[in-house]
Amino acid sequence: MSIDRLVRRAAQEIKSGQIINLGIGLPTMLIEYLPNDMEVLIHSENGVLGAWKKAPRELAEPQLIDAGGNYITMRAGGSIFDSAVSFALIRRSKLDISIMGAFEVDEKGNLANWKIPGRFSPGIGGAMELAQKTKKVIVLCTHNDKSGQSKILKQCTLPLTAKHCVSRIITDKAVMDITDEGLLLKEMAQDITLQELIACTEANLIIPDTIGRF
Amino acid sequence: MNKQQTIEESIAKIPHGAVIMVGGFGSPGTPFSLINELIRQGQKNLTLIKNDANEKAIGISKLIENGQVDKLITTHIGLNKGVVEMMNSGQMQVMFFPQGILAEKIRIAGAGSFGFLSDIGIDSEITDPSQLIEWQGKTLKIESALNADFALIHAQKADLYGNLIYRASAMNFNPLMAMAANHVIAETPNIVPVGDLVPESIHTPSAFVASVVALQSLTKEYEVMERRFEY
Amino acid sequence: MNKQQTIEESIAKIPHGAVIMVGGFGSPGTPFSLINELIRQGQKNLTLIKNDANEKAIGISKLIENGQVDKLITTHIGLNKGVVEMMNSGQMQVMFFPQGILAEKIRIAGAGSFGFLSDIGIDSEITDPSQLIEWQGKTLKIESALNADFALIHAQKADLYGNLIYRASAMNFNPLMAMAANHVIAETPNIVPVGDLVPESIHTPSAFVASVVALQSLTKEYEVMERRFEY
Amino acid sequence: MSIDRLVRRAAQEIKSGQIINLGIGLPTMLIEYLPNDMEVLIHSENGVLGAWKKAPRELAEPQLIDAGGNYITMRAGGSIFDSAVSFALIRRSKLDISIMGAFEVDEKGNLANWKIPGRFSPGIGGAMELAQKTKKVIVLCTHNDKSGQSKILKQCTLPLTAKHCVSRIITDKAVMDITDEGLLLKEMAQDITLQELIACTEANLIIPDTIGRF
């Protein structure tokens, strides 16, 4: 599946009136897919509420970036605050949705996205507080890593970002919800069969009678 | 109450081994000129506290590359492979905190308190059991306040008393650090007369600032980074 | 994201027994109109958190005189003899904190933390030994965060999203309470269109505010108090 | 001694370049005695740095008071902040001088000025943090209470605001410094003899060879 279709699907999670945080990488890209008249407030950890689409080169403001370092524009009605207020907003659960990347995510909604011991440890950033405190955490990632291993696991093996925090997982192959019963398949990519999906997913999937396509 | 100083005399106050907070999240709000003067003067064995390590060859990355930094207290250095390698090879000690915990540790130091009770990451590998207490029926983690000897601050505007105003995402850690460090040095490209700033719009009251440095011009480091448009 | 409501519907959200933070230090910043509507609607058994008790016959003093308040958490009520008498006669419970400790308890709740470590008054009669801990070689006092169900806020300006700006000494506890309460109701005499406020000058970001009430006019309570000129 | 002369004497404690907090009552009055061109920043607990003289009725701004409720003016270069920042400034010892009232003050620099059990307990206000954290605390009060009892004691009897916090005491009868050796008499009012002063002072006074007059 194309990145374009994946990000477009993820963008559908966002509803008018919400306050959203988008992680570095794929999640941030989905802003570009939101209608210009949609009333949402996008929060960036570096102290911006009302972050909007990337600034074109000629309009880039050197003092206005998002947490990933992209030069951005701001929506009317936005506000600027210091990093303590920015995380006060997170810890007070004022975010409706955080969409984050993952190295691993499991059937219980456990998330690992900050450290691969011995190989990758650039720091925690805002991930821990976002994962632990956002009302609804959605993981957006590729279904399998570069060597084909499933990122969707029965149980995470890497150091956790937060336990039991993820509600929904959106990958290039499927949309899945974490439920009390287990990982419920909601939608499948158009270019995959159910057998192929099960084969490339380490976690157990609950297969409902009707499965959407995207 | 006129706190204007030359960049040379303001940075000369910093001794070897100082603990220095540096404002900025990425480039915005990073006091590049003060950092460049610190490189010129060559103070060594520094401990830096900054959200990130900037990117290669600018800001505190230059200080680190120049061997002046023993320890970095930060949240995320993913945009700086060189510093990650120095950490991995043991050339420099790096201590990580969750971003909002780092911000709040600095905020609580700036408030003259000594620590705060948090529920962030208490069941994760970043928590040592010795930091946990039972308080009013909850298991909580004591996060210590983080003070510093100096803070290097970039402000959009300042008056001669040291009242500071920040712009856009250049605010970030700057107002927090300006309260938490014992000696605060602020650079600004816009010095305005005392009385020009609207009292309610001042982000850092003058009482917290020791010295104000007027920048005559801004180096290329303050401009839009072309490499960020190479998608 | 339009949060404008009538004063009636905004205050009707408050149930009997609610814990309510009320902005203001003396008169400036006191949301007199929201308080008057709360008197009209008559919710009872309230706990109020406010710096002071206002003065006789205005603000929360009226609420207290009207018998709607069971408990007041405050710092100083010296300008209100009537409320001091009600406290002394046991008609209402009053809990005092040092002013900066009250402010910081609210601030720390607004930051989503649970308490902070302080050295204020630890050897005085306001400290119970059960609040003391040893931490990093110091004896410190744990001050618990102070949350509330509601906050009543007076802002100089607001937009329809609920971004707030305060004026002069009417700022005081307002921005702190606007972060610490679960449901924040802000009154303002100046509603402006979304986009009119300078993002860096906003004191309370809209995310913290549930409802904005536009005041058509200001009652006499907001004016300069003549009795304060009777020296 | 007249209030005027007492407050005028206290005003001499304030030097150009300082940051000062003035308690309710006598201390606040001394602003009116400062030269208009003196560069000082007066802090008021309710979130004002740069508080200045009382506003005349016709210029009073309803939103701008000091911590005692007086309508005030502000100096150029002043700033406004919330109550948490206001006390951060106090607790971070950014105040050079606090001048406060007292019910009792003793030879050790202990101060009692917030509570008289059973008789007066309107709350603590900002007194405890000001007394504990200001670089130099000066007490400004009448030497004796309305019944003639000395407020200057060997040892305070009321609940303390803070221990060992006071550097200097200025009353209508004397100026005294708290020293390691005890309470050192510095100056006496013009209308009192040394014997009269000793008679109306419960604390022991160290009498130096030369005593100023005011």
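Each chain carries a letter (A, B, C and D) given by its place in the written order, and its residues are counted from 1.
Keep this in mind: a residue touches a chain if its C-beta (ideal position, glycine included) is under 8 Å from a C-beta of that chain, and two chains touch if they have at least 3 such contacts.
These figures come from a predicted structure and were not determined experimentally.
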| item | value |
| --- | --- |
| Chain A and chain B, separation of their C-alpha mean positions in angstrom | 28 |
| Where chain B and chain D are represented by their mean Cα positions, the distance between them in whole Å | 37 |
| Gap in Å, rounded to a whole number, between the CA centres of chain D and chain A | 57 |
| Where chain C touches two or more other chains, by residue | 104, 107, 111, 113, 119, 167-168, 171, 199-200, 203 |
| Junction residues of chain A, two or more chains touched | 74, 80-81, 84, 87-88, 90-91, 133 |
| Contact graph of the chains (line, ring, star, complete, other) | other |
| Full enumeration of touching chain pairs | A-B, A-C, B-C, B-D, C-D |
| Chain A to chain B touching residues, read off their complex | 44-48, 57, 60-67, 69-71, 74, 80-84, 86-88, 90-91, 121-129, 132-133, 159-163 |
| Sites on chain B touched by chain C in the complex | 104, 107-108, 111, 113-119, 133, 135-136, 138, 140, 142, 144-145, 165-168, 171, 198-201, 203 |
| Complex contacts: residues of chain B adjacent to chain A | 25-29, 51, 74-79, 84, 94, 96-104, 106-107, 119-121, 123-126, 156, 167-176, 203, 222-224, 228-229 |
| Contact set on chain C toward chain A in their complex | 1, 110-113, 159-161, 163, 179, 194-195, 197, 199-200, 202, 205-208 |
| In the complex, chain A residues that touch chain C | 17, 19, 39, 41, 43, 49-50, 74, 76-81, 84-85, 87-94, 133 |
